[in-house]
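Alright, structures below, take your time with them.
Consider the two complexes below, in which subunit A is the common component and subunit B and subunit C are the respective partners.
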Partner chain A sequence: MKTTRRDIFKFAGGSALGVLFTPAPWRLITDTALWSENWPGIPRPARGEIRAKFTNCSLCTAGCAVRARCVGDQPVSLAGVRGGLCPFGVTGHHLPYHPARLRQGPVSEATAAVAEAIAKCGPDERVAVLDLRPGRTASWTARRAMAALKSGLYIAPAQSPVAVDLSKAKTVLSLGAPLVERWGTPANVFAARDGFRLIQAEPVESRTAALADLWLPIRPGSEEALALGLAGQLSTAETAQITGLTELQLASVGQTIASCRLSLVIDKNMSPAVVSLNVKLGNWGRTIGPRAEAPVPREWEKAAPVTELAAVPDRSVRVLLIDESAPGEYLPWDAIEKKLAPENPLVVVFAWSANGYGRHAKYVLPTPVYPEALDDIPSAIDSPAPCFRIAAPLVAAPAGVVNPSEFIASLAGLPPSDTLRERAAAIHQAGLGTLVTYADAKSVPVKDVKPDDFWKALNAGGCWVGQALPPANPQAGAATVRAATVRERLPRATDDLVVIATTPPAASLISPLFTKLYQESDLLLAPNCVALHPLDAARCGIAFGTHAILETPNGKWSVRVLTDSSVRPGVILAARPEMAGAQGKVVRA
Partner chain B sequence: MTAPKKYGMSIDVDRCTGCGSCMVACAVENNIPPARPGANDRNGLTWIRVYKVDNGEDYPGKRSAFVPVLCQQCGEHTPCASVCPQQAVDVDPQTGVVGQMPERCLGCRYCMAACPYHARYFNWWDPRWPAGMEKTLNPDVAPRMRGVVEKCNFCHGRWHAAKEKAAAAGKTEIQPGDYVPACVEACPTGAIRFGDLNDPSNDLRHPDSFRLLEKLGTDPKIYYRSKRDWVRQAGQAARPVSPEKEASRG
Partner chain C sequence: MRGKIVFLAGLVAALGAGWAGFPYAIYTSRLEPVDFSHKIHADKAGAKCEDCHAFRDDGTFAGIPTLDKCAGCHAAAMGSTAAEKSFIDLYVTPQREPPWASYARQPENVFFSHITHVKLGNVKCESCHGALGASDKLPRYQQDRISGYSRDIWGTAGRPGMTMNDCIACHSHQARQDSCLDCHK
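And then the complex of A and B:
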């Protein structure tokens, strides 16, 4: 038989067709996927010995105990020891690698400029440190440094002198406190949550309001008036008019908290009006008491007093050093700016990124971020017993960063020292309280621990817990609040809307994985978004998802507008604290 | 030979605060990259996604709840497994977990179309992290390539680690506390619980619990709880979406 060229073509064509009916081409496609799975563009996780390290989260005052899973020395995941962590805590190990994180700054230039400005300070001009998270050992260093300077001033947000005990409460009335979001210690709050009835008074249906047993939709800014009304300092009719609640609702709430033997009233910062109400309800010494602080060495007590920003004379601060390295309460920049000297004030900010107060500063100096920074966390507002916890570094900080307390101490000529260790020694010397170690889940009296072991245990995520102060002075922190003052603080009735921020501010840096929560899903309000009630949006002529300009006394922002019928009409819900204000409007871009 | 398990979850909607810890913990554990600039809720990667549902009323009568939705690990007629032309989806008889093999996946997305829970996600972009953040990747999970579908597998890497730990201790069964998915570990309120549904000692399958889209008969292994009727009704509806958002998309 003679093979022709035609036969060869037929054979080749038939073979090609036949191969399609075999597994071979499909297998080839699968293998192609396998090869491309490992192409160099896809990062390969590092491998190594898996270890667990313990520390405490310093991203907020809760100071949750953390177990870090590490590959070698690199943390690859963080988990809570006494329950889960918030999303900020879960992703804390990403912060050192955030694209906006500062690594270098003009340190020597700033040092020279600050020294020169201090030398040129006039007799009425002050050098001030603004500490956003007071009560830390670093705060004590700043206070000592300011005491050593002739014109030094230590400024910090008001700290409530009281602490609450949620585990004893049977009814909790929350006046806008984000109890289940970022208030207190999550482990304490959720451990106690099943034991109390929660009444949330808030203008918008927040996440706390959504989980409350009863939500009271009050007018924005009327929380304090509600506290005064329940304390009998305002008439029921006037309270109803200010808060927008009915007299029946007010009577019912008043009866609920008065009849419950173990009630508790809270707000964001435990304001004097709320403390007074608790004292009046007989809660002092039961669910609320004085807040205690961990002991400090005796020689530290010659420190500068804590001054609130409002008490600082206007136009008096020549040099302002803002310590933003420990995330804390947000103070509006316009309130800070009023205190600066009229001519040539020097503002230096110690921060993780230039996104916060750094926008207004002459120098922004980079600091170690969590979990690079060595810092301690003061007792949380829901911790009646004092405690001392150290956020021990999990990774090394880069070379160009500065430690704010060392910088401030050197300005005042304080000798360099290991202040955290000195404080730990003072606590140990007092011999009170217990040491709790999470790695082995033990609790040992401090007097049974050697000083070196105490220090080592603290650096391995341990926690010292002291004894709560006796509730001797029921009026502590319960300053009298005048009804007239509260009326003055209420938002004015105008055509503008009231802008309120969603939850307490997070750190200036958050993990890039937060895009899962506000970009790849609609769980959180994105930083560039505001939410309005659909009726307000229609009144402003703005449709869902369109871009607009938010105008408030604090500034203007380009925002994307969302509509949400859980937002109170007359209110703009914003994600960023600097957007919040008593008046605001949204106009089409 | 060990007795087959049937791993499942119980999610108490009345305890969920919608904080999102489960979502970010899942992304950390499973090496899911941050969103690209063009990503949105339709093309993003969230193996577990918390939806906000409401009772449909206006302020101040509106009440909201948060419902975490992940792969429901269907036990009967698993829709994604039956449509996959590549056999990239399988149900592990030892654990009952519906697994996804990205290296076999062709990216045809039939499984996404078949999944009634919208709990499968397509990789539209190559996985990328900000410079330096690759160091924080979990060594037990390989990042997936662009062009494949991925989904929750109850943290399969953790199951392997628990098996290895048990084997090292000379045991054939893993201890219940040794295998916990990342979302369960991260939940601050304890709203998400995990365990073997065959184990009568746990109450994951509480008589009051409900499952999403029960009428489809897919026998999901995720059990939800809520005392609120409107939440239970929302669980029988299609994926919750904002009507305003849908309208804005045309």
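And then the complex of A and C:
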């Protein structure tokens, strides 16, 4: 029998039909998909012994205790210890692998350039360190280094000299503080929340405003005026005019906080006007008091004073070292730029990511990032007692990174030392306070712990808690605020809208996992978006979702406009802090 | 007529190759290093699953016991079987870990908490592992040449599978909530 071409095709056709009724093609499809999960390039977590390590999260000042599940030496998941951890803390171990992570930088070139620039500094020129998260042991090193340099200057954002105790408050008036979003220590706030009535005065219906017992929609920028009005430094009529509230509302709020024996007034940074109001209401020593810091070795006290950026003479800084390694407060670049010397200023930024001030710097030096970085976490604003916690590294930092405080100390010729251990020794030597170890939920007086055990416990996620300072001076931090000054700061009456910034969900870059929140939903205002009240958007001739230009005295940005009826008319809500704090307008692109 | 016969011949050949030949081609097969009997350990020694497949103090699951655990009882022969003698000669005496193959190994991108399921959810070992704990002989380990996973994760007669669909089906059946990050790293 002769086999023809037709036979071959018919046999192949039968085979093709038959094979569909076997597991072969379906298994091959599944296997190929599974194989693609494991092909080269897919990161493979190491297999090994599973252990738990304890540390403290340094992504914000809350400093939550963290239990890390590690396979071998690699953390594979983070969780809170005897409490929750925020979504950013839960994904903190992704940060070393962030796409924007810096791993290499011109360290030796920058060292030589900084040394040369310091040597060439003129008599009126300064070498300055800008520390975005002051109060750390690294901050003390920078202050000591600047004290050792003839023209050294230590610049840091203003830190409130007071701390509050939310657990004692029965009524809290918040003047724009994002109390239940990102203020102080979230665990403390939520633990105390059921115990106080919250009145939120804020131009937009933020999440805190939505969760408050009463929301007072005040005019943008009128928070300080409201504090002065309640303190009696402005008349009720004038306060009502400035804030946009009725006199009846003001009288009601004033009566509520004055009649409550344990009230508390807060704003974002506990400004002098707010402290003054608290003192007037008799809250000093009850719900508010002086802020205490963990002890430091006696020899460290020869440190440069903390200078606010606004107090630095314009065009005076020849060398500026910006420590951006720990997430901290944002200062607008144009405010920093004004302080730089007019010719050839040298700006060096220490950062773990390519985003941030590095865009304006001559050198960007890579630093370790949490959970690689060894750092301590200063006490939060809602911690009446001082505390000392260490964010002990969970993974080793890559070879090319530099420690900012070591770099700065070496410039000033400070001898290399283990500053965290020295500070721990000073705390132990003082013998006050208790050591709290979260892993076993024990609290032991420091005087009963040996120095080495104290240090080991701190490195294993322990926390030293000291004693709150006695409220000796009721005027501490309550500098006099003149009503005239507040009036000057109010937004001018123009057709422009006032740009205010939302509270960012985190202080710095977060795990790329959260990109979905920005790109696939409007749960968070994305950095390239602004939100307007629908009436304002209609007045500007801009529809929802269209692209436009935001123009403010700080600059111009191409933005996507969202409309949101929870935004007060007259306000532009922005996510990027550099856009905010000014009046501006949105024009069609 | 001839054309139909040729077509049917192709159909039958493909069915035969797909059902009979393909499994031999796609899976590699090997015996476990020791001819281990769960049944003997359960019946004669009265051992329970958790005696050997224990939880550590921190709640993590130890999985297949290491040689130290086995040597605790089998430092010297306890019986007269050839399998035990071979085990002692090949592994206990030279202190060499047996290269056990795991029938239930999951992909690198997931983790499975035994303690949550066993202690909190009261899930029986047999629910996922079938009657392996009562078997007299360990089955051959078959590994997919392409995906690298054990054939057993797809389930066999009398035992459910261990794929993501099986996890989801069980959680749905038990009205348990689940989210991606519960299991995926």
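Here is the rule we use: the second predicted complex is superposed on the first by the 535 of 589 C-alpha atoms of A that agree within 3 Å, B and C clash if a C-alpha of one lies under 4 Å from a C-alpha of the other, contacts with A are read in each partner's own complex, and residues count from 1 in each chain.
In this section, a residue touches a chain if its C-beta (ideal position, glycine included) is under 8 Å from a C-beta of that chain, and two chains touch if they have at least 3 such contacts.
Note that the structure is a prediction, hence the values are computed from the model and not measured.
In the superposition on chain A, A:433 makes contact with neither subunit B nor subunit C. When both complexes are overlaid on chain A, the residue A:77 reaches subunit B and subunit C alike.
Of the two partner chains placed around the shared chain by superposition, subunit B is the only one that A:524 touches, whereas subunit C remains out of contact.
In the superposition on chain A, A:176 makes contact with neither subunit B nor subunit C. Counting the residues of subunit A touched by each of subunit B and subunit C gives the higher count for B.
Once the two complexes are overlaid on the shared chain, A:565 sits against subunit B while remaining clear of subunit C. By the touch criterion defined above, A:327 lies against neither subunit B nor subunit C after alignment on the C-alpha atoms of chain A.
Of the two partner chains placed by superposition, only subunit B is touched by A:533; subunit C is not. By the document's definition of touching, of the two partners only subunit B reaches A:544; subunit C does not.
In the superposed model, A:97 lies in contact with subunit B only, and not with subunit C.
Comparing which residues of subunit A touch subunit B with which touch subunit C, the overlap comprises 30, 34, 37, 42, 44-45, 50, 76-77. Only residues 29-30, 33-34, 36-37, 39, 41-48, 50, 71, 74-77, 79-80, 83-87, 90-91, 93-94, 96-99, 180-181, 186-187, 190, 193, 205, 207-208, 210-211, 215, 217, 511-517, 519-524, 533-534, 543-545, 562-563, 565-569 of subunit A touch subunit B when the two sit together in their complex. On subunit C, the positions that touch subunit A within their shared complex are 2-3, 6-15, 17-19, 22-23, 26, 56, 58, 60, 107-109, 111, 144, 146-149, 185. The touching residues of subunit B, when paired with subunit A in their complex, are 14-15, 17-21, 23-25, 27-29, 31-32, 34-35, 39-41, 44-46, 49-52, 54, 57-60, 62-66, 86, 102-106, 126-145, 148, 182, 185-190, 242, 244-245, 247-248.
Every residue of subunit A that touches subunit C in the complex is listed here, in rising order: 6-7, 10-19, 21-24, 27-28, 30-32, 34-35, 37-38, 42, 44-45, 50-52, 76-77.
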